Each structure stands twice: as C-alpha cells, then as structure tokens.
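Pasting the structures here.
Heads up, the next two complexes both have chain A, just with different partners, chain B and then chain C.
And then the complex of A and B:
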C-alpha cells in the first residue's frame, strides 16, 4: 500500500508536466495559428495514429520483429563470444582488435552494406540490429566477467573447481549487472539501427513510413509514425526492465 | 598479459585489422561483393579524394556544432534539474523515457522545419547529444557528498562557490561519460540527416554508393565514418585526461 502511494506520488508530477506540455502544445499552436506542416496539434496526431491504427500497427509490428530479432541474435552472439574469450584467452587476443575497430564505426555506416548483401527485406534490418548490439554486449559482459579478483578465482581453483565451475559460480554472477547494462544500451541501439536502415531502403516498417512521409512533406503522418515508434520502443524497454528485475533479483 | 594489452591499444588494433584485410582477402578469395581487397578500397578513396575531404569536413562541422550546442544545453538542463527538485521530479522521467525512444526518427521532423540546410543537421545532432549529457550531468551533480556540502556551507560558502569548488568537479567525470555517448549519437544524427537530401557530406556519399552499388566506395565511407567518430572520441578522451584527471570517490 505504501509503495503504491509512493509510486503515485512520483508519477503525479510527471503526469502533470506531460499534461501541461500537451496543453501548451495544443493551445499554443491554435492560438499562434501554426500550420500543420510545421507543427501539428497533438490531438490531430493522435487522431491520425488512431484513425489508421491498422496501418501503423502493421508497420510497427515489422519494425519490432526486426529490432527484437536483431537484438536477440546480437545478444546471444555477444554473450557466446565473451564466454569463449574468457575460456580461451587466445581468442581474445585474436578477435579483440577486430571488435574494437568495428565498434569504433557508427553502426549506421554499415547500413548500405547490409542492404546490398541481404536485400531490402527484413533480413537486412535484423542483421544491422544484431551488429548494433553484439559489441556492446560483448565488451560489457567481458569487463564484467573479469571483475572477480585473481585471488577469489585461485581460491575456488584450490578447492578443485573446474574452469567452467569458476565461470558459472563466480564470474557469471559477477558479470550479470554489466551484462544487463549492455543489453539495455543494445536494445535502444538496435531499435535505432533498424529504423535508420528502414529509412534508407525497405518495403515496409515504421522507418520507411517516416522516410516517405518526409519526402511528401506529410507532417501529420511523420508525427504519428514517430509517436507510434516511440510507444513501441518504450514497450520494448519496459519488457527489458521487467526481465532485468527477474534476472538480477539478488542485487 | 603484455600481448593482450598491446592488442588493446587502438593503433595496434587498426594495424592488425589492416594487415588481416590485406592477407585474408586474396588468401580465402573473399568475393569483392562482401569485402573488396584493401588496395582497391584505397584506390577508390584516392579517386574521390576531393569529394571525400569536402564530405568529411562538412559532416565534421555539423557533428561538432550540434554536439557542442547539445552538450551546453544538456549541462544547463542538468544543473537546473539538480537545483530544483520540482523540475527534476516533473521532467527528468520524461527525459529518461525520451532517451529510449528512437530519437533519430525526429530527424525527419527537423528536416521538414529547417529544409536541407546545414542547420537541420546541426539541430538533429544537438537534439541527440542533449539527452545523455543532461541525464549524466544530473547524476554527477547528485553524487556530491552531503557531508562535504554541509561542511562547506558551515564555512559560509556561497552557492556559487559550492558549485564551482565541489559540485562541478564531482560531476565532471560523469558529464564526460555523457558527452562521450553524445558525440557518437551526434555523428549518427548528422549522417542520417544528410540522407533526407543534401549534396555534400559523408551521409550523402553513403546514399549514392548504395544507389550505384559501389561496394568499395561503401567501405571507403565506413572507414571515413569510423575515422571521424574515433577522432572526435579521441579529442574528448584527450580533454578528459588533460582537465578531468580526477575520479569521484
């Protein structure tokens, strides 16, 4: 009950601020007679989004499937690579320069390449989403796995723990918070990478809707699409935060 | 261990990757569609050198202007949030939520507002840089030890002195973390902003390379974007080592 009250108390100012901003926007644009192509009214944006909810929902679905697909593939790859590098340090020496160099390039620069390799369909978006995630997860988890000090590793080893046992009992739990940070950053990055790739070339998806509407100066559709995309990625982020609470419950 | 640390040096990493590229492409006969040989990429880069240099410069200017303006605005907002609990409670959660939405999509709206001018790209870069800097500035300012604040107040320190001597130095490392995140986002924003129609810039060249399916050109631009991003990040890291060498305890 008390926590519910606290939640309400912290949600109230936010809701008030949001409402104030929306009212200012709505009535400010009306009072100053701002044309819709510059800044549509929030009510109009909402009406557009709701009026074509089937269309926007379908496009958002494509984008979310691509973003989640890329995120999952990229995270699994990143986790596997980090674990492999911890178990076989020679792998780290071999692969780390490559990982560092690729990570230094903004992932959107790879968009033309994946479009040429995988075509304009969903697979190119999943590929760029995975690329945007894999190194964040790899670098974060690797630094997390290395946090336990050599002393505690040696202690476990002196009790006869195997390499895998040390990884499972000591290093993985220690690396969990860093992994979760990597996943969070990665999810935001994969959503952005997917939308950007859709802008550059796609058959469908919210990024393509935004790109085409911008070319036609169809401001209402752009705003509605941005609104829908924001709702979608907020929902994804919410799911990840909920998972995070389940995964790292001992913190 | 020394081998591992040598491999982690960025210069060595670039050299190693270049050497691998040079050797592996002919060795495994990788088709040019996936990875053209390094000499072909270099030759392509040399052949478009004037365009490349002009594009690099333009994108650099857009990124730096947007990044600086966005960082200043972000630091200002971070300080305002730290100064006023009401502001923070009302607006900070909105900021955190906005960070997770694909802000780059707003780039389209900015292009509608400002047209295909350099200002449009600067504003997109500014907008993307703003949030991480604001959020990290606030987090940094909140890390100051309340006991130290009380101590300084008891010696009659004014709010300005308190801010200059304690709060800002405590927050500086965090502000730089935010700025490092921001500089990469600014670059991405500037490049994507150019896609909506412009004539000069690395983003423009990327789009052209895609349309004409010039794979070596795409690789030239990937390297150019990576170099630009690394240059800006390196400049920040240098500033950090020079001016913010302390760590908060």
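And then the complex of A and C:
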C-alpha cells in the first residue's frame, strides 16, 4: 500500500514532464505550422496508432517475441558461459579474447550475415537479439562471480564446501547485482538489434513497418510505430525492474 | 552439543593432546625472495582447553591459523596432528570450526540463515538447521533478530552471529581470529565474559588469537606468545586464575603478576618488529 503510494509519487513528476512535452509539441507544431511530413502533431500520431490498434499491436507482438526470445537465449548462454568460465578458468583464457573481438563489433554489423543464414523470418531476429545480449551478460556476471574475497571463499572451504557449493552459496548470490545490470543493458540492446534487423529485412515487425512507411513517406505511420515501440520497451523495462527486486531482494 | 564434544574428546587417550603442532614451518616464495612467515612452531592443545595466542602484528598468527584450519598447507618439514594422527594437505578442511577476523556475514541471507550456513554446507536439511540455530538465539542475545539482515545489526551483534555460525559447526576445535578486535572496549569486555559463559557451558577446545594481553589472560587456560616475524613460539604461560572469572579478576595481584611477565615478553617482540620495519632501507 505504502510502496504503491510511493511509486505513484515518484511517477508523478515523470508523467507531468511528459505531458508538458506533448503539450508543447502539440501547440508548437500548430503555432509554427510545421508540415506533417517533418513533424506530425502528437494528437494525430495517437489517432493513427489507436485507429489501427490491431495492426500495430500485431506488429509489436512479433517484435517483442523476437526481442524477448533473443534476450532469453542470449542471457541463458551468457550465464552458462560465465559459470563455465568460473569453474574452469582455462575456458576464460581460451574464449575471452574471441568474445572481446566479437563484442567489439556492433551486433548490427552481423545482420546481413544472420539474414543470409536464418532467412527473413523471426529466427534471424532472435539470433541477432541473442548475439546482442550474450556478451554483456557474460562479462557482467563473470565480474560479479569474481567479486567475493578470498576470505569468504576460505570460510566456506573451512566448512568443507565443494567448488560447486561455493559457487551456489557465495558466488552466484554475490553476482546477482552485476547480473541484473547485464540483463538490463542486454534487454535494451536486444530490442534495438531486433528493430534494426527488421528494418534491414523482415516479413513483419515494428522495424519493418517503420521501413515501409518511410519508403512511402507516411510519416504518421512511422511516428505511430515509434510510439508503439517505445511503449513496448517501457513494458519490458517494467518486467526487468520487478526481476531486479526478485534477484537482489536484500537491498 | 556438549555431549558430542565430550564423546569425541573421550576418544583421545588420557593425557594425549587434541591437536599437536610439531615443527611447523611456512615459507613463501623461492630463493632470495623467500620470506619465512612461521618457523619451528611446536604447540600442544589439550581437549577442552582454552588457549590464547598473542604476538606483535604481522608475526604470522593468521598464517598459522590458516594452516590449522587446513586452508594453507604447512611446509613438509613439520606436521599437524589431530588425536595423534598426522593431517595431510587439505585433510583439516571441514574438521575445524574457524572464525576469521571479519564477520563475513552474507548480506543476502537473514541472520538465521547466516547462522545455519555451515550446517547447510554439511548437507543438513534447511528446516532442521533452522530449528537447531533458533534454539541458540536467546543464548547469543539475538532473540527477535532471526529475520533481520546483517546490515541492520550493530558490530557486536554481527560478531555474535558469526560466532553462532562457528558454534553451530560442531567441531572439537574452534579457531577464533581476533573476533573482538573491531569492537569498542565496552562491547568487547561484555563479549569476553559472554564467550566464557558459552565456553563453560559447551566446553569445546578453543584457540583464540588476540593482540590484547588482558584479553589473552582473562580468557585463557594457557597464553602462548609468538615472536616477531618469522613467528615462532616464544613462551607459554599457564593461567591458574579460578573459573568462572568475572571482571574483578583483572585487578587481582595474580592477574597483575602474569600480565607484567607477559608484557615484558610481548614488548620485546613488538620492539623488534618496530625496529626491523623502521630500519628497512
């Protein structure tokens, strides 16, 4: 109850700022008579989005499934790799340079290749989403798993704990805050990668809608799609904040 | 708990020490860069005995402790025996109840679950471990704090949780590495008396590191003094002060006499440490 009230109180200034921006936008474009193809009015964008809600909803659904799918696969891979590297340090020595090299290139650069390998459907977007997530989760979790000091590890050893016991009781919980950071950055990255990949070649999805509408100089649809996409990302972000509270409950 | 300690202590031969260190060494590094942390340590700890160990800072006390806990192998010239049996590398892990200097409580565990950590590692079901720990809460002055998190506790309370965690790991020998070092003087003296109460009730063998002479005499059956680095045992003093002891014991002539004697030895060693530190080019 109290936390709900607090959440409302902290959300209020954000909502007020957003509303002010929309009002300024609405009246600014009207007063200055800005043509719609340069910057449409927010009321029109909203009307377009709501008018074709079924269409936008369906496209957003495709994008979200791809982004979340890629995020889940990439996260699981990243977590498994980090755990494997902690248990077998030689793996880190062998694989980390390769990971760094792949990570140094923006994942978007791999889109043409991935389209070639996985086709224009959803699987190529999921693959690119996973690629965008895996290294950020791996690097963050690995640094988190290494955080506990030798003293704490020794304490568990003195109780007779095994390597896995130390991982489970000490390193994993201690690594949770870093993992959550990795997941948060990863989710944003996978959403971006998926939308850009859709713009470069897809049958459906918000990115493809933006691409086609741009080609037809239909700026209202472009803006409506951007608006819908940002709502979708906001919802995903909310899920992650909840996950943060679940994984790092002791703060 | 007391039964277990007695039963296991009873398994040793009469007069046989629970643990024996024979010519224990620890050197770090090779050749010219080699430093000797611990040299030629001989020490016997009787079952149920409370042994305190003092020495200047950096004398290798903690290195010695880590070897006794099995965390660090001792050099091959000497050996550590438990009930007369030599302990090979790592054999001591899980056999000694070890409490490091810092409380090392896990921030994501409640006080209760921090206390049960060792029991969980041993494979005891969570429910049972919690039941067992809960019974100790009043005795450790932590009743009502079971569901708190460590950051909500004072330093003295955190230290008691760490002690409870150590106690619940029921081993014959308890190693305590300056457990009260970080506490203020008042809390410290309260904790000392409280520890003696607990010890008298449970009668486990204790090896307690400190750099406070009063603490060493007040708590111990035997005070062991270490030399400056490389650390070895300079002398041992049996404390015959009657138990149970309370604060007034600190002002008795007997106490003063032992303190004077030990102070002279410790002072000498501290000066050596100080001199070698300041004269280093």
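Everything below uses one rule, namely that the second predicted complex is superposed on the first by the 239 of 251 C-alpha atoms of A that agree within 3 Å, B and C clash if a C-alpha of one lies under 4 Å from a C-alpha of the other, contacts with A are read in each partner's own complex, and residues count from 1 in each chain.
Criterion: contacts are C-beta pairs under 8 Å (C-beta built on N, C-alpha and C of every residue); 3 or more make two chains touch, one makes a residue touch a chain.
As the structure is a prediction and not an experimental result, all values here were calculated from the model.
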So in the superposed three-chain picture, is A:135 touching just chain B, just chain C, both, or none of them (first/second/both/neither)? neither
Among the partners chain B and chain C, which is in contact with a greater number of residues of chain A? B
With the two structures laid over each other on chain A, which partner does A:161 touch: chain B (first), chain C (second), both, or neither? second
For A:152, is the partner it touches chain B (first), chain C (second), both, or none of the two (neither)? second
With both complexes overlaid on chain A, does A:71 touch chain B (first), chain C (second), both or neither? neither
Kindly classify A:176 by the partners it touches after superposition: chain B alone (first), chain C alone (second), both, or neither? second
Which residues of chain A touch chain C in the complex? 151-152, 154-161, 165, 169-170, 173-174, 176, 248-250
In the complex, chain A touches chain B at residues 10, 13-14, 16-18, 37-38, 89, 92-93, 96-98, 100-101, 104-106, 108-113, 115-117, 188, 191-192, 195-196, 199-201, 206-207, 210-211, 213-215, 217, 219, 222-223, 225-226, 229-230, 233-234, 237
Mind listing the chain C positions that touch chain A in their complex? 66, 69-71, 93-94, 96, 98, 100, 102, 104, 106-109, 117-118, 120-122, 149, 169
Within the complex, chain A is touched by chain B residues 3-4, 7-8, 10, 12-14, 16-17, 20, 33-34, 86, 89-91, 93-94, 97, 99-106, 108-109, 111-113, 184, 187-188, 191-192, 195-196, 206-207, 209-210, 213, 215, 218-219, 221-223, 225-226, 229-230, 233
